[in-house]
Amino acid sequence: MITTIPLVYYLTISAALFCLGLFGALARRNAIAVLMGIELMLNAVNINLVAFWRYGSPDPIGDQSGIVFALFVITLAAAEAAVGLALVIAIYRSRDTVNVEEIDLLKW
Amino acid sequence: MDGLVLLYLSPELILIAASLLILGLDLLWRGRNSQLLGWLALAALVVALVVTPFLALYQAPDQPLGAAWGNQVALFCKECGTTVVYLADWAQVPSRIADALYVSDNLTNFFRLVAEITGIVILFATFDYMRGKKFVGEFYALFLLAVASMIMLAGSTNLIMIFVSIEFLSIVSYILTGYLRENKKSNEAAMKYFLFGSITSAIMLYGMSLFYGATASLNLGVIGSVITADTNYEVLALFALALVLAGVGFKIALAPFHQWAPDAYEGAPTPVTAFLSVGPKVAGFAILLRITLQVVFVYKADWVILYSLVAVLTMTLGNVIALAESNVKRLLAYSSIAQAGYMLVGLAGIAGNNSPLDGVNAVLIYIAAYLFTNLGAFLVVIAIENQTGAVDISQYGGMIKRAPLLAALMVYFMLSLAGIPPTAGFLGKFFVFGAAIGNNLGWLAAIGVINSVISVFYYFRILRPMFFEPAPEGAATITFSPWLRWGLVISAVMTLLIMLFPTPLFNLATHGAQIFGVAMR
Amino acid sequence: MDVIGIISQLVFFLIAALTLAAGLATVLLRNVFHAGLALVGTFFGVAALYLMLEAEFLAVVQILIYIGAIAVLILFAIMLTRSLMKNEDSNINKQWAWVATVIVILFVGLFILILQVPWQHSGTAVYTDLVPHLGTALLTTYLLPFEIVSVLLLAALIGAFIIARE
Amino acid sequence: MLLVEQFTLLIPLFPLLAFAIIVLFTRNNNRLSSWVALIGIIAALAVSLGVFFEALAEGPELAQNPFYSAPIVWYPFGTATLNFGWLVDPIGSVMLFMVPTVCLMIFIYSTSYMKHSHVDEHGHHVSEDDPRYARFFAYISLFAAAMLLLVISSNLLQFFIAWEIMGFCSYALIGFWSFRGLKEHHIDDAQVGRARAAGIKAFLTTRVGDVLLMTGIIFLFITVGNLDFTQMFNPEGLNNMLLGEPPIGALQWPTLIALLIFGGTIGKSAQFPLHVWLPDAMEGPTPVSALIHAATMVSAGIFLVIRMFPLFVFDAQSGGFSMQVVAVVGAFTAIFAATMGLAQSDIKRVLAFSTISQLGYMLAALGIGAFVAGSFHLITHAFFKALLFLAAGAVLHATGTNDMFKMGGLWRKMPITFITFMIGALSLMGIFPFAGFWSKDEILLESLREGWFHGGAVALAQFVYILLAIAAFLTALYTGRQIFLTFFGKPRDEHAYEHAHESPASMWVPLAILATFTTFLGLWNAPFISAFFHFVGEGGLVGLAQPFEHAPFDDLANISVYVSLAIALSGFLTAYFIYGFRPVAAGQADPLARLGIIWRVLANKYWLDELYGYKINLDGTAQPGLLLRFVGALSRASYWFDRNIVDGLVNLAGWIGRMLARVNGWIDRNIVDGLVNTTGSVTGEIAGWWRLMQTGNVQNYALLAAAGAMAFAILFLLRSFT
């Protein structure tokens, strides 16, 4: 398969997914939707890492650093999601909103 | 696995172990004896502080060292088949051996000291602040983890380690920021901090993946040597650097990645604010130094422009907006943004010629000066807030009568932040601007100098009500615990000593800078 | 190009199209719950891409953790906070046009970069069991971050508890 | 043998210790605090005099082999270490004689001056300590310590640190009465406001100079590689400076560095265009004025040029023009400040402008190379100016006003003050045989000789001579005016006259001592003795082996003496005809006001305060000038700006409007108003915009961050295609 699909394809998909995620993170009102955008960005990064590992590594079996990095990204995404959702729920409890635009007590 | 790994990680391990111990004891004691847990945390930090110099001075059995201070150890070195590698001098080490996950070198040791001192001073302030609050044990545990992750960030030389440490530091910081959960502002600060941090760290990760793609390695040393050798990667390296700067710049609060800072600083519990204004910032500089010098150093013309640009933005935005602030915490937030800008001036001033006025030295000296000065200023704010809840400049009236010590020390810290002698801050500015001028960035130094003049206005604006205005109706004199007094005394004395006897700091910084011999060659 | 090549290309394009479509749905769907479901779809698509890249273990991890844990967590959170978002006039904030501009420029920039850089192509056939090597790496070379992450997860757990408790 | 010089480092330590003791222990005991301060300065004086006499014994050889020791390693800069230590060369030793002596007089004087007397309900005169009496002595001790540290500094960085400590002390001392709760001491809110604004103004204005100085120091370190006075002026290091690429066009490195360093002097020694802080600094208590404006801070600026003189000389030798700049700035300031001094009604402000003017003399002398004359004037000026300030302080302490138009006829009430003031004033005018006569004449003689007789005509020195000669006339004129208004004629304010009385001994004894010095000190360098010259000038300077040429006592010197005496006397006589012959009556305007527009220009100090600095009004409010207004517009921050920005703009525009309307009646006020409104709204917009970035919406922040990162990345990408 590796011969038939160029690396650039994967990288393009990843770039597109990253940009979509960034859009979601910056343009969605709902804090949870923002989180989902961030998850998309992280997934895009993982595609990059795995593709680079598969195509670029001189020793893909012995040196799986791309995969390892992706694993760490997934793990930390989970930790981040846990803390982030806890924050969302705390905010929701204290002010009945999860709209990012309304969370602006602190400004100027 | 080499047991010595544990030795060379001992400061971090002590902190993590103490943190777990505190969690366990807290569970056991069900929230009682929180004061004891605080002392335990303090003890752990002190032990780590004591251990660190020994670690640096320890003579490796098979590798006698010339320098008294300078035990360079690479940990988890994949290529060399062992977990601990002694390095007499990085300058003589082939990049293959530099292929380590983590290093315990002079730079790490410098930041270990910085982190541990920060932790201790802030704990002094925390004892008062956390009295009567809930989940105190967990707070101390998380705080220790934050300090540990700060050190780990400074010692990382592998993209995975960098990412994990940054995230570790971030996540713990988010939690600490949102610690006052009944407080809407604290909640909101944590939320903003979290969202901003997650987005920028995703951007940074994308940049890291590009580094990996170009070099098939995650190690800074290897990435650097590949990128240095092949100019085809110039664009990629700089593109990736710009993306990575988003994540690191977020930690340091560099413009345009700074906007979370005032909000998060205002909402966070004040001791946490003090930590945020020093800890992540300083650790971010550690990693920015490593990335700059080990990876992209060869494209100096480009990153110098990038850093100069960001430095100008950061200083100017921080200082000018600070003029308009009346909340002391926000004001100090902008001030700390501006201070990071000065440090970045030093970074842009890296000529790589190992001269005493070189940027690496300058940044490290500035960091040490800033550390004590800024912590001191925050301790004053905390002392006042603990008693009166006041965080607005207008509420600071008559401090000279209500708390003469605090008022006098505040003058000193403000002088230091403004860079007026005889203070550590002056020394830092002298070196940082000197580095920039020495690297033919006279214009950058000039902008920095103009900025430091502007900053005098708002630093003195804090002092004005303290000295010249009557105290508000019914304002009591301000008392604070001996702990806080100790913190204040340490900060003030160190701010003075750094100016008067800078030699030890100077040596530390020089040793720290020496490790970059490889990159600078 | 042989048949297998054509088929694999077709499969790739199909997966890519599905992934991106699901991604687009995730960021554009008005109903957050639907967006969450689309997110699950995206995760599946990414898992399929991992499979095509012969990273089977990671594909499994993706499904277990991303879909099994993170997506479910997100869906729970959506349901907990759901009552609010019903009468929103828009799910997109005021700066969306700026954001769109930025991401379009960013995508073009990334695309140019991707085409321009001479990526290393040293990939060889793998077809072997990668998991033992991965395990070894995690417990030797990457032992330090591995252990640190365990502490980090504990910290995140405690933090989430402190922040979100009643 | 006991070598006093070994204890040089103790000199600043004594007052510093006094400061610490007062702050930490005795601050609640006024009497004890003043004694601590006095003992501190006396101890410093004792050691200083020891060092001074030892230095005198060494003679001119001291210049090349100064008392020098830098034992404390301070900054180990790799090869070049910067050590903390002391350096005493001839001129430094003279400073060591002058500074603590004058300081001691001021300290003694302050013990009485810082008491406020008022009449209680029983009609008794009661005298009460200033509420911050102890603090005052702490501050002036610190100030003296900083100045002494500066004098003995062995390197430029140490010098700079002392310099900056003084800057901060001057802020605290000028603004000493910017403290609420002094009403019962006749210090009203307006005075509080003025004091506060003056302190800040002094600090910020001098800071502009300090920043230039610091930049100069960094440049100097980078090019020469050392900051130690004994080592940095070696020919090798200096020549290194010339090797580098000239930084700005034709400006070579030595010129640039010398000018940056001179920038520090311009700020600290209140030279044009940074002189604006000094007149307002008169809001401080009078001993502070004497301390700052005679013995310490302003002298520090001149001393800086003296210390860096080898650099200036080197620059001149290699074709730079930094010395010309020093000469022109000095000469111009001398005459410029003298004109303004003519139009002041505040007794202390006249002295303030005279200080600026006299400092200009010193710099002009240094600028034309007359090193010894400039140095000598620095010393004599310190004595007679301190005397004048303290005497003026005695007057206003006694009368309760500092407006000369409310005084008159005081010589009968305060004879000692009058006599001492006269001695100081005659010295300032340059009347034989007082100290100022010798030193000022020396400067005039040098510029005369340099300009016309010494190797042909030198246009610059001619220019300097003419300016200084005119300034000498003006000096005599305004000083005469001051004397006649204050001490002669009929009392113009009965209340003030009634209130007036001779000062207590602790105030007049220092006056008498200073007057003695003022009378006899000039002989030290009188042309027929020239002891000062032999000591200070013959051995050259640290870092400059070339000895200064000794002007022979020839016909030219005789002519010069007569010319300058004639100038001074004619100035004094003019003053007599205007103010003495027919004394100004109560309520009568100043006769010179008939000069019309010129008078207005002078009385308003050329409107420079309005232009940049900021203007401090009588009611204690301050208006930002253009420069500060610019910063203020960016921020709307500091409270002066916040409250006054729009007012200030309106006032400025209104003033412009009035002036224009007066000259050209056809300018419509509406246009101006329209202009004001537009300006106001534009600046407001800018001010708002910066802060409005912080919207509170985290997605805005993140967008900026993402766009920023993207912009940097894309810029790098685009760069690769070009």
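As written, the chains take the letters A, B, C and D, and residue 1 is the first residue of each chain.
Keep in mind that, in the parts below, a residue touches a chain if its C-beta (ideal position, glycine included) is under 8 Å from a C-beta of that chain, and two chains touch if they have at least 3 such contacts.
Keep in mind the model is a prediction, meaning the values are calculated, not measured.
Closest chain to the protein centre (all Cα atoms averaged), using per-chain Cα means: B.
Inter-chain contacts peak for the pair A-C, counting C-beta pairs in contact.
Computed from the mean C-alpha positions, the centre of chain B lies at a distance of 32 Å from the centre of chain C. Separation between the centroids of chain A and chain D, computed from CA atoms only, is 63 Å. Taking each chain's centre as the average of its CA atoms, chain A and chain B sit 27 Å apart. Between chain B and chain D the centroid-to-centroid distance comes to 41 Å (mean Cα coordinates, whole Å). Taken residue by residue, chain C touches two or more other chains at 93, 95, 99, 102, 106, 109, 113, 116, 119-120, 122, 142, 145, 149, 152, 156, 159, 163, whereas all remaining positions touch fewer. For chain D, the set of residues that touch two or more other chains comprises 691, 694, 696-700, 702-703, 706-707, 710, 713, 717, 720. Of all residues in chain B, those touching 2 or more other chains are 160, 164, 167, 171, 174-175, 178, 181, 190-192, 195, 199, 203, 210, 213, 216, 235, 239, 262-263, listed in ascending order.
Contact topology of the protein chains: fully connected, every pair of chains touching. Those residues of chain B lying in contact with chain D across their complex are 191-192, 195-196, 199-200, 203, 234-235, 238-239, 241-243, 245-246, 249-250, 255-257, 259-260, 262-263, 302, 306, 309, 317, 320-325, 355-357, 415, 420-422, 426, 430, 433-434, 437-438, 442, 445-446, 449-450, 452-454, 456-458, 460-461, 464, 467-470, 499, 501-503, 506-507.
Only residues 159-160, 163-164, 167, 171, 174-175, 178, 181, 184-185, 187-192, 194-195, 198-199, 202-203, 205-206, 208-210, 212-213, 216-218, 262-263, 266-267 of chain B touch chain A when the two sit together in their complex.
Those residues of chain B lying in contact with chain C across their complex are 1, 9, 16, 19-20, 23, 75-76, 78, 101-102, 135, 138, 141-142, 145, 149, 152, 160-161, 164-165, 167-168, 171-172, 174-175, 178-179, 181, 190, 210, 213-214, 216, 232-233, 235-236, 239.
Chain D meets chain B in the complex at residues 73-78, 80, 157, 160-161, 164-165, 167-168, 178-181, 196, 200, 203-204, 207-208, 211, 214-215, 218-219, 221-222, 247, 631, 634-639, 687, 690-691, 693-694, 696, 698-702, 704-710, 712-713, 716-717, 719-720. Chain D contributes residues 691-692, 694-699, 702-703, 706 to its touches with chain A in the complex.
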